[in-house]
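Look for chain A in each of the two complexes below; its partner is chain B in the first and chain C in the second.
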Partner chain A sequence: MKAEEINDPGRRDFIKNAAIATIATAACGSLACSCSSQQAAKTGEKVRLLSPEGEIVEIDSAYLNYQEHMAIVSKLEARQGMAGKKFVMVVDLGRCKNARKCISACQKWHYRPPETEWLTVKLMKDSDKAAPYWFPKQCFHCDNPPCVKVCPVDATYKRQDGLVLIDNERCIGCKFCMAACPYSTRVFNWDEPQQPLDIMNLKSNPETNLPAKVGTVEKCDFCPDRAREGLLPPCVEACPNGVFYFGDEKEDTVSNGDETLSFTQLIKDRAAYRFQEELGTKPRVYYLPPRDRQFPVERGYDNLPENIKARFEGILDEGKKK
Partner chain B sequence: MKLTSYQQQAFEKQRSHIEKFGARTWAWEIFFFIWIAAGGYALYLQITKGHGITGMRDNVVWGMYIVNFIFFIGLSYAGAIISGLLTLFKVPWGKPIIRISQMMTIISVIVGPIFILLCVGRFDRLHHLFIYPRIQSPMTWDVLAIMTYLVGSVLFLYISLIRDYAVYRDAKMKIPKWKQKLYNALALGYRGTPGQVKHLAVSQNLLAIILIPLSIIVASILSWIFGMTLRPGWHSTIFGPYFVLGALYSGVGVLIVAMYVYRKVHKLEEYITDMHFKYLGYAMMALAAGYGYFTFSEYFTDWFGSEKWDSELIAKLFDLNQFGWYTFYANAIGVLLPIAIIAIPKFRKPGLITLAAFLVVTAMWVKRYLIIVPTLETTLLPMQDTRTNYTHYSATWVEWILTIAGVASFLFFFTIGSKFVTIVPISGLGEETEKKETEPVAAKEILPA
Partner chain C sequence: MGNNQNKTRRGFFSQFLSADKEEKVKMLTPDGKLVEIDKKIFEAAAKKKLTSNKELYDWMQNPSKENK
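Our next item is the complex of A and B:
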């Protein structure tokens, strides 16, 4: 196995380019070496970069490749979080029609297989007579997180910027956090995760949650690696209806990509609530009640594959018979 | 070591079990070992292929392994509490059964934690529990509690064995040299001088005093792994005492079964008498009533209230298409039947009491299953998952084989243990000689007919 890996050209390239990658990462943030199996032909064009030692180095531009997910912070920084920030999410239930673009964007960004959803959309019907509505749910990044309380090894932790992350190199896979989370947010890598080689070769970092590791827990992370670059999480960007607003509570702004609003004003005007406030977990996700709907709830069934449609079978009929 | 004639007699009766490792013992040990080996293979598959080959999934994250963990650890706590009480209060009839109950304590506290390790996704990172411990986590409390408890109970067993080791050392048995040497070392030069007798008695009592509350604490901590989470059926203030009582109840059951087996195989009718079955039967009956009461309080409160989450769980537990039959078995067979058998004098015979005890043990296992699985299948948000193995737990052969391997290793170690020590302790029997003749009177005094 070992020998095969070394003989693999991609792997060899990776080792060869490791030094350049370090320099490139330090210098440009998300610029890094190509780890693909083709040997890049030199272009002769030189690019100047700043090395971690503060020296200017020249590198052939062929070695440069825009690479997402390259861990850009140390583990310590990934533990402490971003100073002066408090991330928050607002979900407008009146706009969701179960388009599921958020899910596919999230799966793609995090290299998750189709059946492992960090972000799910539930069809809620609170009581017989109540109006059903679509309910997208990420991790709530609770301020009083029951999952963090029970972790025996500090693998899952709360940061100063409000995020609850997982260090999947420390997680022992006891699943206590999964039992403790009342929202069933966490998922477990029951089998060896199948991910592209260049992702598997990445250095593990709680901010990217990559590469996934067998026998460990993972969940929605609010994409702090993107937040560091000033980007919105893929679920927010992908939503065609602007359901999700992501932002910083301290800055008092949230944005769904189209409009940027005052967080306090938004939750005040629209009577935002947090899911199951009585549990005392203090979620960082606020929901805007599903009034002034943009779509009838049935629209959520449009173009759904059969296996997804089966999930919501019978829910709309509930109570109608009575 | 000087022995009284009664002690000598008890020793002569049992020495052959230490001297010989008969063909029948070999056959049983090999039989148990085959299952352990099969379990080893299942474990190998689980480690190499990942937990995907078990029935556990994202909703039911713990399954049969944690059920077995609670089951075995419960036996251990029960053994410690029973032997501790018998030692501390110098219960005269308790002497012959203390050893069995202590063996149960040690063996199950070794077998039990293996099962919680089986739930852990990353074996290679277990040391993280010690290098990155977080004291807030009930899991850390449990790690500390079980380790403390293991040390305490091993010491307790060992201290109460020293006098017996001295007997075996001096008995000039036909045993291999290494075994003789082992006894020489383990007896720690005990000769029965007044000073030694006193120190031994003091340490034994001290350990009993420490172990009884310690068992109660660790059984409660075990329950808090569940009680501290926000889940229906788990998040309950009753959970600590509920687990303590459940542990004691199943422990008495296993003790009665073990007594019956050893009485038969080692022909110990003279020492483990019908009275022992009767007395432990009474204890089992009282515990059955207590456990039934706790279960009733739990279900009744949840059922009477209207909270959606709890109601859903209760509906599942009593729906015959879901867990209804399990609930029926756990309560009718596990609580009512043993009370009926022991309450009626005609049925109060060792055979029937043992049968009731055996059923109690199985019912208590089912009850633990009912504590774990239905709760994990009841989520706050609707699951809305089409993958049936995610919505409903069903154990795979890997989990079954490892469960059987766990039981087999419990029996394996018990059998090995009985080849190194006598099942009925020799040294403690002395004080009992005179009382033995008046035994029926003594029994009448305590329990008027």
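Our next item is the complex of A and C:
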């Protein structure tokens, strides 16, 4: 009984505390009011908002509270892209040894299964007598993209920041874009995507195409969600040899995580080229020719799974015979 | 006494203290973003008039409209 009496505050104490709290709240309230009225005075910009009851109401933009969890990129923003940016990638072929770290990083970031490769590494050989070399290839985000022109539902689109993206909520899976792309960089979701439950329950994000949808086309997106935060794509970060440089053509900088270089100087000094330039698609990915190679091409077979090794057998064996 | 708390002093004061909590209303911007605003501000601006389909179509900034 005594313990209860000590813990239970008396009426007098309670009223005293309540009175103090009331005065404090009133003081804070008047301060907040004066602050908000000052804020409202600062922006005269009116925003037309739709209420849950279906009424359009004009509210001063000072009163809008964008919640962190609600700050998802809208379809309009996703379509328009980032203003003042022009993303570009440079691939140094002399450094690639088919470590495939870029591929696994990409698959992990986009929650894709191992058999789906938005980024692939091919074994290229320019002529019979030339030595083969490893050639990473993903969507080139062309400035003149044939895939965008053929899409009947406007699901794939070109943005002002140079990216070519797919809205998987609009995609009807007709595969016209896959047929039109001369680089075969697009993949089709034949099966129901096996993604973690928390990803499957996400509200669809037009920039990341998460959650993935069965019967739609996918491809490399240059990770615009990371670019918005000023981060490099996972393939660039994961490469142990600094093969990929990613950056902004307008800022004239590209970085592979270790070094940041002038984009124009790099492509000029190293005689960069674009894959199948003659097609007129104007890709946004530049290749530095495989000169002064850091690794013999055979190193690309180290620790390679048998099913992947089988892809390249013909090319290397042919070279050995000659 | 216990069942009728509003009539006690404690009930009266606790009601008074909790009345200061701001109620928020979720609303949609023309480009499809969810925002929260103070209910008092919303009620002051609302005209209690239901929007027509035409007004709603004109209000939204839908990318598909640009191609029409």
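One rule holds for everything that comes next: the second predicted complex is superposed on the first by the 246 of 322 C-alpha atoms of A that agree within 3 Å, B and C clash if a C-alpha of one lies under 4 Å from a C-alpha of the other, contacts with A are read in each partner's own complex, and residues count from 1 in each chain.
Simple rule for what comes next: contacts are C-beta pairs under 8 Å (C-beta built on N, C-alpha and C of every residue); 3 or more make two chains touch, one makes a residue touch a chain.
All values reported here derive from a predicted model rather than from experimental measurement.
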Which superposed partner A:154 touches (first chain B, second chain C, both, neither): both
Partner chain in contact with A:63 - chain B first, chain C second, else both or neither: second
Which superposed partner A:187 touches (first chain B, second chain C, both, neither): first
Residues of chain A touched, compared between chain B and chain C (which is higher): B
Which superposed partner A:48 touches (first chain B, second chain C, both, neither): second
Contacts of A:124 with chain B and chain C, given as first, second, both or neither: first
Contact residues of chain A, present in both the chain B and the chain C interface: 154
Chain A contact footprint on chain B (complex, rising order): 49-52, 56-59, 61-62, 119-122, 125-126, 128-129, 132-134, 136-140, 143, 225-226, 228-231, 376, 379-387
Chain C partner contacts - residues on chain A that touch it in the complex: 11, 14-15, 18, 21-22, 25, 29, 47-59, 63-67, 70-72, 74-77, 79, 154
In the complex, chain C residues that touch chain A: 9-10, 13-14, 16-17, 20, 24-38, 41-42, 45-51, 55-56, 59, 61-64, 67
Contacting residues of chain A [partner chain B, same complex]: 115, 120, 122-124, 135, 137, 146, 149-155, 170-176, 178-180, 182-184, 186-192, 214-217, 276, 279, 281, 307-308, 310-312, 315
